[in-house]
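Chain IDs A, B and C follow the sequence of writing; residue 1 opens each chain.
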Amino acid sequence: MVAIVLFTDFGAQDLYVGQVKAVLAARAPRARVIDALHEAPAFDIEAAAHLLAALAPRYSRGSVFVGVVDPGVGGARDAIVLRVDGRTFVGPDNGLFSVLWARGRRRSARRILWRPSGLSASFHGRDLFAPVAAALAAGRLPRGWTVQARGPRVLFGPDDRAAIIYIDHYGNAMTGLRADRRSLTARLRVARRRLGFARVFEAAPRGAAFWTVNSLGMVEIAANRASAAKRLRLRVGACVAWAV
Amino acid sequence: MVAIVLFTDFGAQDLYVGQVKAVLAARAPRARVIDALHEAPAFDIEAAAHLLAALAPRYSRGSVFVGVVDPGVGGARDAIVLRVDGRTFVGPDNGLFSVLWARGRRRSARRILWRPSGLSASFHGRDLFAPVAAALAAGRLPRGWTVQARGPRVLFGPDDRAAIIYIDHYGNAMTGLRADRRSLTARLRVARRRLGFARVFEAAPRGAAFWTVNSLGMVEIAANRASAAKRLRLRVGACVAWAV
Amino acid sequence: MVAIVLFTDFGAQDLYVGQVKAVLAARAPRARVIDALHEAPAFDIEAAAHLLAALAPRYSRGSVFVGVVDPGVGGARDAIVLRVDGRTFVGPDNGLFSVLWARGRRRSARRILWRPSGLSASFHGRDLFAPVAAALAAGRLPRGWTVQARGPRVLFGPDDRAAIIYIDHYGNAMTGLRADRRSLTARLRVARRRLGFARVFEAAPRGAAFWTVNSLGMVEIAANRASAAKRLRLRVGACVAWAV
């Protein structure tokens, strides 16, 4: 059974996700639908692109992602289908998939030509991307719906992003820095502070801020039993740097 | 496979929806359950009635809706099952379904006589409506659980509602005005402002408020990359009008 | 079909629940997954333990619960599987399951020995508890993953908790007091007030605070068409008492 994975800024509490799921249920009734995130940073596509690149490997190969962070919906951007290392991504060609594309090995791209009758100006997630994802999940993409392409047009590149890309409800702030090459003695500069490393929350004094390697392998700013984001006044997009 | 669609004010983050789903899973294990909305306006049934009328057509014919916005739970209102244009609605007879009923063509109504042992005073969604919806979805409604009725007792009527009926997490404010008959040169009065029309967000200056036709075909107040609700201090129930 | 029930503090809006569901979908593709709550009190395990004890009976016997409220993740606590009165609970041995264990009749306990390669320091819900729950739901727990135990090590005991254990989005405040033995003429002391009983919201004057028996059979503080939590400034952990 194929999984369709949703990564959007539609809001988990709002009335948009259900409408997408109604389309998926009608067109791919046997697919399982999993909500990866509906609170992706709405107006910072580059942050969302790094977040999706970090998150996607946690979902099975074969999964079909509907990825929508699309402030330019109804404007001139294209619609694309990318295959990267065994996973498929459907959504706007606005850079959202470009980090994982740039880091991918086996990859191919198609542009979506099909447009449904009654396409709304503001909800391509429901009207355009969900039907394409459902067709892909059901293994029945009609001929002519897509055409081969070289890759996404908008590209951010494969490098890490030295900025905060996501803040969770605990107040932990994920950066776009992958942790695997970094010495654990390094200090991280953020908001005029220099933070040391701690492996687990309990290893830091209560309330103290530190950096750690989160469960996606990314550098994250946290505080023991407190909100690092509130304590340091962090926002998505705020820059970080390794202290020399 | 029948879909059971949930439209409530139970809160997407709260512990109520899961209890409803436990009942549905036990009694209609093959039905798919879709969360349409759990943040329906809690104390404005008329707004919720217009919102549900706008939203319901996005779900497949054959769907069984559990609709619960029910500040009078435990009081004297009845429980009903309505069939309107191929969809079924289960919930309180407090007006919630009356807009879509008044606009419907093929329609029938039944009153729910059955009461479970152990009916709670405050959670008829779990104890009463979910078992009835599950029985309907499974095609096994026991004889005697319902009796034919003329229609809902509480009625708001089919006309549009010139007020805000929902505010989403972006800060867009949906009105109860259907957009299909309105000239796109009209101006909309709200909060002592007159707003012009824009087809897509990108067509308005950044931060500027405008009205548009949303993806449900309703008149909506929005702002380009900003929260119209915050900017104009809008609330559910606030009146709007076409400027003459 | 077995249900896997999730009870966590991961946040309904956040990116953690989806990762747990990806593991469950891959390892127990036929199980139904139900979100009971993802906003359990994060730093008050005792409140969460009483809440879970109240909530669990609403889910079918045979259900497998993944219960994670785990501020000490990555520290020294054990991982356990408990069977209590036909339901199974997987999670940390930090007291979260100890109230329902202490109140249970037929019960057995096992300690989890298995550790996955690549166990993260902060997300045992995804890496450790989800695979074990999936194996249990699929009826294929490998030999050697668990070993028999006497019971959980951390124990709070079976008694009621005279404090607020949960506040819902309406502002209703649930206590850890079970309502079944209490005279309905008693007054409840909280926040320097003495509250009388009302059976349903409509029975109280608009805006007035009262106590009631909620749909889980617990004593709850509420206000008619208003937020009792805001009005009385209530928080999880605040003490309550019966007035003599």
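FYI, a contact is a pair of C-beta atoms (placed from the backbone, for glycine too) under 8 Å apart; a residue touches a chain by one contact, two chains touch by 3 or more.
What you see is a predicted model, and the numbers here were worked out from it, not measured in a lab.
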item	value
Same vs different contact residues, subunit B with subunit C, by half of numbers used	different
Subunit A onto subunit B, rotation angle from CA fit, given as a multiple of 5 degrees	120
Subunit B and subunit C, separation of their C-alpha mean positions in angstrom	30
Residues within subunit A bordering two or more other chains	12-13
Contact set on subunit A toward subunit C in their complex	1, 3, 5, 12-13, 32, 34-39, 51, 55, 58-60, 63, 166, 168-170, 199-202, 212-215, 225
Complex interface listing, subunit A residues touching subunit B	11-19, 21-22, 25-26, 29, 42-43, 71-75, 120-123, 126-127
